[in-house]
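To start, I am sharing the structure in question, which I have written as C-alpha coordinates.
Residue numbering begins at 1 within each chain, and the chains themselves are lettered A, B, C and D in the order written.
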(Lines give C-alpha, C1' and ligand atoms only; values in the text may rest on other atoms or scores of the structure.)
Protein backbone atom coordinates (compact mmCIF):
# COMPACT_ATOMS: atom_id res chain seq x y z
CA UNK A 1 0.00 0.00 0.00
CA UNK A 2 2.81 2.31 0.77
CA UNK A 3 6.24 2.52 -0.71
CA UNK A 4 7.88 3.98 2.37
CA UNK A 5 9.42 0.57 2.86
CA UNK A 6 10.31 0.20 -0.84
CA UNK A 7 13.18 2.54 -1.39
CA UNK A 8 13.51 3.57 -4.99
CA UNK A 9 15.54 1.19 -7.11
CA UNK A 10 18.42 2.73 -9.01
CA UNK A 11 21.59 1.74 -10.79
CA UNK A 12 24.99 3.38 -10.90
CA UNK A 13 27.60 2.90 -13.57
CA UNK A 14 30.99 4.53 -13.91
CA UNK A 15 31.85 6.13 -17.24
CA UNK A 16 35.34 7.36 -18.07
CA UNK A 17 35.35 10.48 -20.27
CA UNK A 18 36.82 9.74 -23.70
CA UNK A 19 39.00 12.23 -25.52
CA UNK A 20 36.55 12.18 -28.43
CA UNK A 21 33.83 13.29 -26.02
CA UNK A 22 35.64 16.50 -25.09
CA UNK A 23 35.46 19.71 -27.10
CA UNK A 24 37.60 22.79 -27.69
CA UNK A 25 36.60 24.18 -24.27
CA UNK A 26 38.68 21.33 -22.81
CA UNK A 27 35.69 19.67 -21.14
CA UNK A 28 33.16 17.01 -22.11
CA UNK A 29 30.78 18.35 -24.77
CA UNK A 30 27.22 18.82 -23.51
CA UNK A 31 25.78 16.30 -26.02
CA UNK A 32 28.16 13.57 -24.84
CA UNK A 33 26.44 13.42 -21.46
CA UNK A 34 23.14 12.64 -23.21
CA UNK A 35 24.71 9.46 -24.54
CA UNK A 36 25.84 8.55 -21.02
CA UNK A 37 22.23 8.85 -19.82
CA UNK A 38 21.32 6.19 -22.33
CA UNK A 39 24.11 3.99 -21.04
CA UNK A 40 22.72 4.43 -17.51
CA UNK A 41 19.21 3.57 -18.75
CA UNK A 42 20.57 0.43 -20.42
CA UNK A 43 21.96 -0.76 -17.08
CA UNK A 44 18.73 0.07 -15.28
CA UNK A 45 16.73 -2.03 -17.76
CA UNK A 46 19.23 -4.86 -17.36
CA UNK A 47 19.10 -4.67 -13.57
CA UNK A 48 15.37 -5.36 -13.53
CA UNK A 49 15.69 -8.34 -15.83
CA UNK A 50 14.50 -6.45 -18.90
CA UNK A 51 17.55 -5.95 -21.14
CA UNK A 52 16.63 -3.31 -23.68
CA UNK A 53 17.76 -5.61 -26.50
CA UNK A 54 15.09 -8.10 -25.32
CA UNK A 55 12.44 -5.38 -25.47
CA UNK A 56 13.39 -4.74 -29.10
CA UNK A 57 13.49 -8.46 -29.82
CA UNK A 58 9.94 -8.67 -28.47
CA UNK A 59 8.82 -6.15 -31.10
CA UNK A 60 9.03 -2.78 -29.36
CA UNK A 61 11.08 0.41 -29.25
CA UNK A 62 11.28 2.62 -26.18
CA UNK A 63 11.33 6.04 -27.86
CA UNK A 64 12.65 9.13 -26.12
CA UNK A 65 10.05 11.91 -26.36
CA UNK A 66 11.31 14.53 -23.91
CA UNK A 67 14.69 15.44 -22.47
CA UNK A 68 15.56 17.90 -19.74
CA UNK A 69 19.08 18.36 -18.43
CA UNK A 70 20.64 20.81 -16.02
CA UNK A 71 24.41 21.19 -16.21
CA UNK A 72 26.00 21.77 -12.80
CA UNK A 73 29.65 21.04 -13.44
CA UNK A 74 31.99 19.65 -16.06
CA UNK A 75 33.95 16.47 -16.60
CA UNK A 76 37.34 16.47 -18.28
CA UNK A 77 39.18 13.85 -20.30
CA UNK A 78 39.76 10.63 -18.35
CA UNK A 79 37.58 11.70 -15.41
CA UNK A 80 35.50 8.93 -13.95
CA UNK A 81 31.85 9.88 -13.66
CA UNK A 82 29.09 8.07 -11.78
CA UNK A 83 25.84 7.90 -13.76
CA UNK A 84 22.91 7.17 -11.47
CA UNK A 85 19.65 6.24 -13.17
CA UNK A 86 16.25 5.48 -11.72
CA UNK A 87 12.72 4.92 -12.88
CA UNK A 88 10.82 8.03 -11.81
CA UNK A 89 7.28 7.65 -13.17
CA UNK A 90 5.31 4.93 -14.90
CA UNK A 91 2.06 5.04 -16.86
CA UNK A 92 0.41 2.53 -19.14
CA UNK A 93 2.23 3.84 -22.22
CA UNK A 94 4.93 6.07 -20.79
CA UNK A 95 7.95 5.77 -18.55
CA UNK A 96 10.07 8.56 -17.05
CA UNK A 97 13.67 8.19 -15.89
CA UNK A 98 15.68 10.44 -13.60
CA UNK A 99 19.46 10.79 -13.61
CA UNK A 100 22.21 12.33 -11.54
CA UNK A 101 25.85 12.45 -12.61
CA UNK A 102 28.73 13.27 -10.31
CA UNK A 103 32.51 12.97 -10.21
CA UNK A 104 33.58 9.57 -8.82
CA UNK A 105 36.57 11.03 -7.00
CA UNK A 106 35.20 14.23 -5.51
CA UNK A 107 31.46 13.69 -5.53
CA UNK A 108 31.02 17.06 -7.23
CA UNK A 109 27.75 17.20 -9.19
CA UNK A 110 27.86 17.37 -12.98
CA UNK A 111 24.34 16.97 -14.30
CA UNK A 112 20.79 16.13 -13.37
CA UNK A 113 18.39 15.01 -16.06
CA UNK A 114 14.98 13.56 -16.80
CA UNK A 115 13.82 11.71 -19.91
CA UNK A 116 10.33 10.67 -20.97
CA UNK A 117 9.74 7.70 -23.22
CA UNK A 118 6.86 5.96 -24.90
CA UNK A 119 6.62 2.36 -25.98
CA UNK A 120 5.98 1.92 -29.70
CA UNK A 121 5.35 -1.23 -31.69
CA UNK A 122 8.18 -1.74 -34.17
CA UNK A 123 5.78 -3.03 -36.80
CA UNK A 124 3.52 0.02 -36.81
CA UNK A 125 5.57 2.76 -35.17
CA UNK A 126 2.50 3.53 -33.05
CA UNK A 127 2.53 4.07 -29.27
CA UNK A 128 1.26 1.05 -27.44
CA UNK A 129 0.68 -0.19 -23.89
CA UNK A 130 3.41 -2.01 -22.01
CA UNK A 131 2.82 -5.77 -22.08
CA UNK A 132 1.79 -7.00 -18.60
CA UNK A 133 5.08 -8.76 -17.84
CA UNK A 134 7.10 -5.67 -18.77
CA UNK A 135 4.79 -3.43 -16.78
CA UNK A 136 5.13 -5.72 -13.77
CA UNK A 137 8.90 -5.49 -13.77
CA UNK A 138 8.84 -1.73 -14.24
CA UNK A 139 6.37 -1.36 -11.37
CA UNK A 140 8.63 -3.42 -9.17
CA UNK A 141 11.52 -1.10 -10.02
CA UNK A 142 9.38 1.89 -9.18
CA UNK A 143 8.69 0.46 -5.74
CA UNK A 144 4.94 0.59 -6.35
CA UNK A 145 3.23 -2.26 -4.55
CA UNK B 1 8.91 51.15 -26.69
CA UNK B 2 7.18 48.20 -28.14
CA UNK B 3 8.50 45.34 -30.13
CA UNK B 4 5.31 44.70 -32.04
CA UNK B 5 7.07 46.28 -34.97
CA UNK B 6 10.31 44.37 -34.30
CA UNK B 7 9.58 40.84 -35.33
CA UNK B 8 11.84 38.35 -33.65
CA UNK B 9 15.09 37.76 -35.46
CA UNK B 10 15.84 34.14 -36.27
CA UNK B 11 18.04 32.07 -38.53
CA UNK B 12 17.33 28.90 -40.44
CA UNK B 13 19.87 26.42 -41.67
CA UNK B 14 19.36 23.14 -43.49
CA UNK B 15 21.07 20.06 -42.11
CA UNK B 16 21.18 16.77 -43.97
CA UNK B 17 21.04 13.72 -41.67
CA UNK B 18 24.29 11.76 -41.83
CA UNK B 19 24.35 7.98 -41.70
CA UNK B 20 26.57 8.16 -38.61
CA UNK B 21 23.83 10.18 -36.90
CA UNK B 22 21.25 7.42 -37.24
CA UNK B 23 20.91 4.51 -34.84
CA UNK B 24 19.63 0.94 -34.90
CA UNK B 25 16.01 2.20 -34.85
CA UNK B 26 16.67 3.46 -38.38
CA UNK B 27 16.21 7.11 -37.43
CA UNK B 28 18.45 9.94 -36.25
CA UNK B 29 19.62 9.28 -32.68
CA UNK B 30 18.15 11.70 -30.14
CA UNK B 31 21.57 13.07 -29.13
CA UNK B 32 22.43 13.97 -32.74
CA UNK B 33 19.73 16.65 -32.80
CA UNK B 34 21.41 18.35 -29.84
CA UNK B 35 24.49 18.87 -31.99
CA UNK B 36 22.29 20.38 -34.71
CA UNK B 37 20.95 22.91 -32.20
CA UNK B 38 24.52 24.05 -31.67
CA UNK B 39 24.97 24.42 -35.40
CA UNK B 40 21.82 26.57 -35.50
CA UNK B 41 23.14 28.68 -32.62
CA UNK B 42 26.43 29.15 -34.47
CA UNK B 43 24.57 30.62 -37.45
CA UNK B 44 22.47 32.85 -35.22
CA UNK B 45 25.59 34.30 -33.61
CA UNK B 46 27.13 34.81 -37.04
CA UNK B 47 23.99 36.49 -38.37
CA UNK B 48 24.15 39.23 -35.74
CA UNK B 49 27.80 39.96 -36.42
CA UNK B 50 29.04 38.02 -33.40
CA UNK B 51 30.69 34.84 -34.69
CA UNK B 52 31.06 32.51 -31.74
CA UNK B 53 34.75 32.07 -32.56
CA UNK B 54 35.17 35.83 -32.04
CA UNK B 55 33.50 35.58 -28.63
CA UNK B 56 36.06 32.94 -27.64
CA UNK B 57 38.90 34.99 -29.14
CA UNK B 58 37.74 37.89 -26.95
CA UNK B 59 38.24 35.72 -23.86
CA UNK B 60 34.85 34.18 -23.19
CA UNK B 61 32.95 30.92 -23.40
CA UNK B 62 29.18 30.72 -23.77
CA UNK B 63 28.45 27.69 -21.59
CA UNK B 64 25.28 25.66 -21.91
CA UNK B 65 23.65 25.28 -18.49
CA UNK B 66 20.19 23.93 -19.27
CA UNK B 67 18.68 21.95 -22.12
CA UNK B 68 15.07 21.06 -22.80
CA UNK B 69 13.95 19.22 -25.90
CA UNK B 70 10.63 17.79 -26.99
CA UNK B 71 10.75 15.18 -29.76
CA UNK B 72 7.79 15.38 -32.11
CA UNK B 73 8.93 13.37 -35.09
CA UNK B 74 11.98 11.67 -36.53
CA UNK B 75 14.44 12.32 -39.32
CA UNK B 76 15.96 9.50 -41.35
CA UNK B 77 19.25 9.19 -43.20
CA UNK B 78 19.67 11.84 -45.91
CA UNK B 79 16.56 13.78 -44.86
CA UNK B 80 16.97 17.53 -45.05
CA UNK B 81 15.96 19.24 -41.84
CA UNK B 82 15.41 22.96 -41.21
CA UNK B 83 16.91 24.12 -37.92
CA UNK B 84 15.36 27.40 -36.83
CA UNK B 85 17.10 29.21 -33.98
CA UNK B 86 16.23 32.43 -32.21
CA UNK B 87 17.28 34.40 -29.18
CA UNK B 88 14.44 33.99 -26.69
CA UNK B 89 15.58 35.75 -23.50
CA UNK B 90 18.49 37.94 -22.49
CA UNK B 91 19.80 38.93 -19.07
CA UNK B 92 23.05 40.55 -18.01
CA UNK B 93 24.81 37.20 -17.63
CA UNK B 94 22.47 34.76 -19.32
CA UNK B 95 21.04 34.12 -22.74
CA UNK B 96 18.27 31.71 -23.74
CA UNK B 97 17.76 30.31 -27.24
CA UNK B 98 14.70 28.65 -28.73
CA UNK B 99 14.69 26.15 -31.58
CA UNK B 100 12.26 24.43 -33.90
CA UNK B 101 13.25 21.66 -36.30
CA UNK B 102 11.09 20.44 -39.16
CA UNK B 103 11.40 18.40 -42.33
CA UNK B 104 12.39 20.59 -45.27
CA UNK B 105 10.24 18.66 -47.72
CA UNK B 106 7.04 18.08 -45.77
CA UNK B 107 7.18 20.69 -43.04
CA UNK B 108 6.47 17.97 -40.46
CA UNK B 109 7.77 18.98 -37.03
CA UNK B 110 10.68 17.06 -35.52
CA UNK B 111 11.79 18.85 -32.37
CA UNK B 112 11.35 21.97 -30.31
CA UNK B 113 14.04 22.92 -27.83
CA UNK B 114 15.33 25.59 -25.48
CA UNK B 115 18.86 26.08 -24.16
CA UNK B 116 20.13 28.39 -21.43
CA UNK B 117 23.68 29.67 -21.43
CA UNK B 118 25.91 31.78 -19.24
CA UNK B 119 28.93 33.81 -20.27
CA UNK B 120 32.12 32.80 -18.48
CA UNK B 121 35.56 34.34 -18.62
CA UNK B 122 38.01 31.83 -20.12
CA UNK B 123 40.76 32.95 -17.73
CA UNK B 124 38.79 32.28 -14.56
CA UNK B 125 35.94 29.99 -15.60
CA UNK B 126 33.62 32.31 -13.64
CA UNK B 127 30.29 33.65 -14.92
CA UNK B 128 30.60 37.24 -16.02
CA UNK B 129 28.47 40.00 -17.55
CA UNK B 130 28.21 40.40 -21.30
CA UNK B 131 30.53 43.19 -22.52
CA UNK B 132 28.43 46.22 -23.65
CA UNK B 133 29.06 45.73 -27.37
CA UNK B 134 28.06 42.06 -27.19
CA UNK B 135 24.99 42.89 -25.14
CA UNK B 136 23.98 45.55 -27.65
CA UNK B 137 24.07 43.11 -30.54
CA UNK B 138 22.16 40.47 -28.59
CA UNK B 139 19.50 43.03 -27.62
CA UNK B 140 19.13 44.01 -31.23
CA UNK B 141 18.57 40.37 -32.14
CA UNK B 142 15.97 40.08 -29.41
CA UNK B 143 14.06 42.98 -30.88
CA UNK B 144 14.22 44.83 -27.54
CA UNK B 145 14.16 48.56 -28.07
CA UNK C 1 37.86 3.00 -75.71
CA UNK C 2 40.15 5.18 -73.77
CA UNK C 3 39.41 7.19 -70.72
CA UNK C 4 41.92 9.93 -71.49
CA UNK C 5 38.94 11.93 -72.57
CA UNK C 6 36.88 10.87 -69.54
CA UNK C 7 38.43 12.68 -66.65
CA UNK C 8 37.66 11.07 -63.33
CA UNK C 9 34.32 12.03 -61.93
CA UNK C 10 34.38 13.46 -58.44
CA UNK C 11 32.22 15.48 -56.09
CA UNK C 12 33.09 18.22 -53.66
CA UNK C 13 31.04 19.28 -50.68
CA UNK C 14 31.79 21.91 -48.07
CA UNK C 15 31.51 20.91 -44.43
CA UNK C 16 31.68 23.42 -41.60
CA UNK C 17 33.38 22.06 -38.47
CA UNK C 18 30.92 21.79 -35.59
CA UNK C 19 31.93 22.58 -32.04
CA UNK C 20 30.91 19.05 -31.00
CA UNK C 21 33.40 17.71 -33.55
CA UNK C 22 36.37 19.40 -31.87
CA UNK C 23 38.27 17.95 -28.92
CA UNK C 24 40.37 19.22 -26.03
CA UNK C 25 43.31 19.84 -28.39
CA UNK C 26 41.20 22.64 -29.86
CA UNK C 27 40.95 20.99 -33.28
CA UNK C 28 38.56 18.61 -35.00
CA UNK C 29 38.87 15.12 -33.49
CA UNK C 30 40.39 12.56 -35.87
CA UNK C 31 37.25 10.37 -35.85
CA UNK C 32 35.04 13.29 -36.93
CA UNK C 33 36.73 13.43 -40.33
CA UNK C 34 35.74 9.79 -40.92
CA UNK C 35 32.10 10.85 -40.70
CA UNK C 36 32.78 13.60 -43.25
CA UNK C 37 34.14 11.01 -45.68
CA UNK C 38 30.78 9.29 -45.48
CA UNK C 39 29.04 12.56 -46.22
CA UNK C 40 31.29 12.98 -49.28
CA UNK C 41 30.47 9.43 -50.38
CA UNK C 42 26.76 10.15 -50.01
CA UNK C 43 27.07 13.06 -52.42
CA UNK C 44 29.10 11.03 -54.88
CA UNK C 45 26.41 8.33 -54.96
CA UNK C 46 23.75 10.99 -55.43
CA UNK C 47 25.70 12.66 -58.24
CA UNK C 48 25.67 9.49 -60.34
CA UNK C 49 21.95 8.98 -59.89
CA UNK C 50 22.35 6.29 -57.23
CA UNK C 51 21.31 7.83 -53.92
CA UNK C 52 22.57 5.54 -51.19
CA UNK C 53 19.08 5.43 -49.67
CA UNK C 54 17.86 3.93 -52.96
CA UNK C 55 20.55 1.25 -52.79
CA UNK C 56 19.28 0.29 -49.33
CA UNK C 57 15.69 0.43 -50.52
CA UNK C 58 16.66 -2.02 -53.28
CA UNK C 59 17.80 -4.51 -50.64
CA UNK C 60 21.51 -3.84 -50.23
CA UNK C 61 24.04 -2.35 -47.86
CA UNK C 62 27.38 -0.94 -48.98
CA UNK C 63 29.59 -2.05 -46.08
CA UNK C 64 32.89 -0.40 -45.28
CA UNK C 65 35.60 -3.06 -44.97
CA UNK C 66 38.83 -1.08 -44.96
CA UNK C 67 39.79 2.47 -44.05
CA UNK C 68 43.07 4.29 -44.51
CA UNK C 69 43.56 7.92 -43.63
CA UNK C 70 46.59 10.17 -43.55
CA UNK C 71 46.26 13.34 -41.48
CA UNK C 72 48.10 16.29 -42.99
CA UNK C 73 46.62 19.25 -41.17
CA UNK C 74 43.86 20.18 -38.80
CA UNK C 75 40.54 21.97 -39.01
CA UNK C 76 39.25 24.13 -36.18
CA UNK C 77 35.73 25.05 -35.07
CA UNK C 78 33.75 26.83 -37.78
CA UNK C 79 36.38 26.20 -40.47
CA UNK C 80 34.93 25.37 -43.86
CA UNK C 81 36.45 22.23 -45.31
CA UNK C 82 36.16 20.89 -48.86
CA UNK C 83 35.58 17.14 -48.97
CA UNK C 84 36.45 15.75 -52.39
CA UNK C 85 35.33 12.18 -53.08
CA UNK C 86 35.86 9.98 -56.10
CA UNK C 87 35.36 6.41 -57.14
CA UNK C 88 38.87 4.93 -57.34
CA UNK C 89 38.41 1.23 -58.13
CA UNK C 90 35.53 -1.02 -59.07
CA UNK C 91 35.21 -4.80 -59.08
CA UNK C 92 32.18 -7.07 -59.33
CA UNK C 93 31.64 -7.08 -55.56
CA UNK C 94 33.83 -4.27 -54.31
CA UNK C 95 34.18 -0.54 -54.69
CA UNK C 96 36.99 1.72 -53.51
CA UNK C 97 36.67 5.46 -52.90
CA UNK C 98 39.39 8.07 -52.59
CA UNK C 99 39.13 11.34 -50.66
CA UNK C 100 41.03 14.57 -50.21
CA UNK C 101 40.08 17.22 -47.66
CA UNK C 102 41.42 20.76 -47.66
CA UNK C 103 40.64 24.13 -46.13
CA UNK C 104 38.17 26.07 -48.26
CA UNK C 105 39.84 29.40 -47.55
CA UNK C 106 43.54 28.58 -47.77
CA UNK C 107 43.61 25.35 -49.75
CA UNK C 108 45.84 23.81 -47.07
CA UNK C 109 45.54 20.02 -47.07
CA UNK C 110 43.91 18.29 -44.11
CA UNK C 111 43.46 14.62 -44.94
CA UNK C 112 43.70 12.05 -47.68
CA UNK C 113 41.83 8.80 -47.32
CA UNK C 114 40.73 5.61 -49.03
CA UNK C 115 37.85 3.32 -48.14
CA UNK C 116 36.96 -0.12 -49.46
CA UNK C 117 33.41 -1.39 -49.47
CA UNK C 118 31.54 -4.53 -50.39
CA UNK C 119 27.93 -4.87 -51.42
CA UNK C 120 25.92 -7.14 -49.15
CA UNK C 121 22.34 -8.34 -49.45
CA UNK C 122 20.32 -7.00 -46.54
CA UNK C 123 18.32 -10.21 -46.32
CA UNK C 124 21.34 -12.50 -45.88
CA UNK C 125 24.18 -10.20 -44.83
CA UNK C 126 26.30 -11.95 -47.48
CA UNK C 127 28.51 -10.20 -50.05
CA UNK C 128 26.91 -10.12 -53.44
CA UNK C 129 27.58 -8.81 -56.94
CA UNK C 130 26.45 -5.33 -57.96
CA UNK C 131 23.22 -5.50 -59.98
CA UNK C 132 23.91 -4.62 -63.63
CA UNK C 133 22.25 -1.20 -63.51
CA UNK C 134 24.20 -0.20 -60.40
CA UNK C 135 27.44 -1.50 -61.89
CA UNK C 136 26.81 0.48 -65.07
CA UNK C 137 26.41 3.73 -63.19
CA UNK C 138 29.49 3.09 -61.10
CA UNK C 139 31.52 2.26 -64.21
CA UNK C 140 30.40 5.48 -65.79
CA UNK C 141 31.59 7.37 -62.72
CA UNK C 142 34.93 5.61 -62.91
CA UNK C 143 35.39 6.86 -66.44
CA UNK C 144 35.58 3.29 -67.81
CA UNK C 145 34.14 3.16 -71.31
CA UNK D 1 69.85 -7.98 -27.92
CA UNK D 2 66.79 -10.03 -28.49
CA UNK D 3 63.30 -9.52 -27.31
CA UNK D 4 62.26 -13.14 -27.56
CA UNK D 5 62.23 -13.17 -23.79
CA UNK D 6 60.33 -9.87 -23.59
CA UNK D 7 56.85 -10.67 -24.73
CA UNK D 8 55.09 -7.66 -26.11
CA UNK D 9 53.19 -5.65 -23.54
CA UNK D 10 49.55 -5.03 -24.29
CA UNK D 11 46.36 -3.98 -22.57
CA UNK D 12 42.81 -5.18 -22.99
CA UNK D 13 39.69 -3.29 -22.08
CA UNK D 14 36.06 -4.26 -22.51
CA UNK D 15 33.75 -1.78 -24.21
CA UNK D 16 30.00 -2.23 -24.35
CA UNK D 17 28.43 -0.95 -27.56
CA UNK D 18 26.16 2.02 -26.88
CA UNK D 19 22.91 2.52 -28.76
CA UNK D 20 24.18 5.91 -29.95
CA UNK D 21 27.14 4.13 -31.53
CA UNK D 22 24.95 2.00 -33.79
CA UNK D 23 23.57 3.14 -37.14
CA UNK D 24 20.62 2.37 -39.39
CA UNK D 25 22.28 -0.90 -40.50
CA UNK D 26 21.65 -2.12 -36.96
CA UNK D 27 25.35 -2.46 -36.14
CA UNK D 28 28.02 -0.24 -34.64
CA UNK D 29 28.96 2.54 -37.08
CA UNK D 30 32.47 2.22 -38.50
CA UNK D 31 33.61 5.55 -37.01
CA UNK D 32 32.59 4.48 -33.50
CA UNK D 33 35.30 1.82 -33.42
CA UNK D 34 37.91 4.53 -34.05
CA UNK D 35 36.90 6.13 -30.76
CA UNK D 36 37.29 2.76 -29.03
CA UNK D 37 40.87 2.52 -30.33
CA UNK D 38 41.58 5.76 -28.52
CA UNK D 39 40.09 4.35 -25.34
CA UNK D 40 42.39 1.32 -25.71
CA UNK D 41 45.39 3.64 -26.24
CA UNK D 42 44.44 5.59 -23.11
CA UNK D 43 44.60 2.38 -21.05
CA UNK D 44 47.90 1.36 -22.63
CA UNK D 45 49.46 4.73 -21.68
CA UNK D 46 48.08 4.38 -18.16
CA UNK D 47 49.41 0.82 -17.83
CA UNK D 48 52.99 1.96 -18.42
CA UNK D 49 52.75 4.74 -15.87
CA UNK D 50 52.27 7.46 -18.48
CA UNK D 51 48.65 8.61 -18.27
CA UNK D 52 47.94 10.58 -21.41
CA UNK D 53 46.60 13.46 -19.30
CA UNK D 54 50.07 13.67 -17.68
CA UNK D 55 51.69 13.88 -21.12
CA UNK D 56 49.45 16.85 -21.93
CA UNK D 57 50.13 18.39 -18.53
CA UNK D 58 53.85 18.13 -19.31
CA UNK D 59 53.32 20.28 -22.42
CA UNK D 60 52.78 17.79 -25.23
CA UNK D 61 50.13 16.37 -27.49
CA UNK D 62 50.34 12.93 -29.06
CA UNK D 63 48.83 13.63 -32.48
CA UNK D 64 47.38 10.93 -34.68
CA UNK D 65 48.90 11.17 -38.17
CA UNK D 66 47.86 7.91 -39.84
CA UNK D 67 45.04 5.45 -39.36
CA UNK D 68 44.48 2.06 -40.95
CA UNK D 69 41.62 -0.20 -40.03
CA UNK D 70 40.35 -3.47 -41.43
CA UNK D 71 36.77 -4.40 -40.57
CA UNK D 72 36.30 -8.13 -40.09
CA UNK D 73 32.98 -8.33 -38.28
CA UNK D 74 30.38 -6.20 -36.60
CA UNK D 75 29.28 -5.46 -33.08
CA UNK D 76 25.66 -4.81 -32.20
CA UNK D 77 24.05 -2.78 -29.44
CA UNK D 78 25.01 -3.97 -25.97
CA UNK D 79 27.68 -6.38 -27.25
CA UNK D 80 30.80 -6.51 -25.13
CA UNK D 81 33.93 -6.04 -27.18
CA UNK D 82 37.55 -6.61 -26.13
CA UNK D 83 39.87 -3.85 -27.34
CA UNK D 84 43.47 -5.02 -27.29
CA UNK D 85 46.12 -2.32 -27.77
CA UNK D 86 49.88 -2.59 -27.98
CA UNK D 87 52.83 -0.42 -28.79
CA UNK D 88 54.06 -1.68 -32.16
CA UNK D 89 56.92 0.65 -33.18
CA UNK D 90 58.86 3.45 -31.55
CA UNK D 91 61.12 6.11 -33.01
CA UNK D 92 62.54 9.30 -31.54
CA UNK D 93 59.51 11.35 -32.63
CA UNK D 94 56.96 8.76 -33.58
CA UNK D 95 55.03 5.94 -32.00
CA UNK D 96 52.87 3.31 -33.66
CA UNK D 97 50.09 1.35 -31.96
CA UNK D 98 48.41 -1.88 -33.05
CA UNK D 99 44.91 -2.98 -32.13
CA UNK D 100 42.69 -6.01 -32.35
CA UNK D 101 39.02 -6.03 -31.42
CA UNK D 102 36.96 -9.14 -30.87
CA UNK D 103 33.65 -10.16 -29.33
CA UNK D 104 34.05 -10.93 -25.63
CA UNK D 105 31.57 -13.79 -25.73
CA UNK D 106 32.43 -15.59 -28.94
CA UNK D 107 35.96 -14.44 -29.67
CA UNK D 108 34.88 -13.54 -33.22
CA UNK D 109 37.15 -10.88 -34.72
CA UNK D 110 35.75 -7.41 -35.39
CA UNK D 111 38.60 -5.13 -36.37
CA UNK D 112 42.35 -4.85 -36.63
CA UNK D 113 43.94 -1.42 -36.78
CA UNK D 114 47.16 0.54 -36.67
CA UNK D 115 47.67 4.20 -35.77
CA UNK D 116 50.76 6.37 -36.12
CA UNK D 117 51.35 9.35 -33.87
CA UNK D 118 53.88 12.11 -33.45
CA UNK D 119 54.70 14.03 -30.33
CA UNK D 120 54.17 17.79 -30.66
CA UNK D 121 54.94 20.57 -28.24
CA UNK D 122 51.69 22.25 -27.18
CA UNK D 123 53.35 25.67 -27.16
CA UNK D 124 54.55 25.53 -30.76
CA UNK D 125 52.49 22.79 -32.39
CA UNK D 126 55.76 21.45 -33.82
CA UNK D 127 56.86 17.80 -33.76
CA UNK D 128 59.43 17.16 -31.10
CA UNK D 129 61.46 14.29 -29.62
CA UNK D 130 60.10 12.25 -26.74
CA UNK D 131 61.62 13.40 -23.44
CA UNK D 132 64.05 10.72 -22.10
CA UNK D 133 61.78 9.56 -19.29
CA UNK D 134 58.81 9.15 -21.63
CA UNK D 135 60.96 7.35 -24.19
CA UNK D 136 62.27 5.00 -21.50
CA UNK D 137 58.77 3.97 -20.48
CA UNK D 138 57.68 3.49 -24.06
CA UNK D 139 60.76 1.38 -24.81
CA UNK D 140 60.00 -0.76 -21.82
CA UNK D 141 56.48 -1.33 -23.14
CA UNK D 142 57.89 -2.26 -26.54
CA UNK D 143 60.05 -4.92 -24.97
CA UNK D 144 63.16 -3.37 -26.52
CA UNK D 145 66.22 -4.12 -24.40
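Definition applied: a contact is a pair of C-beta atoms (placed from the backbone, for glycine too) under 8 Å apart; a residue touches a chain by one contact, two chains touch by 3 or more.
What you see is a predicted model; the values in this text were computed from it and never measured.
Interface of subunit C with subunit D: the two copies contact each other largely through the same residue positions, with over half of all numbers used appearing on both sides.
Relative to subunit B, the chain whose mean Cα position lies farthest away is D.
One finds 36 Å separating the Cα centroids of subunit B and subunit D. Rounded to whole angstrom, the centroid-to-centroid distance between subunit A and subunit B, based on C-alpha atoms, equals 25 Å.
Centroid to centroid, with C-alpha atoms defining each point, subunit A and subunit D lie 30 Å apart. Annotation for subunit B: residues 19-20, 24, 31, 35, 38, 76-77 touch two or more other chains. By the touch criterion given at the top, residues 24-25, 30-31, 34-35, 38, 56, 61, 63-71 of subunit B touch subunit A in their complex. Residues 19-20, 22-24, 26-27, 29, 31, 76-77 of subunit D touch subunit B in their complex.
Contact residues of subunit C toward subunit B in the complex are 16, 18-20, 35, 38-39, 42, 51-53, 77-78.
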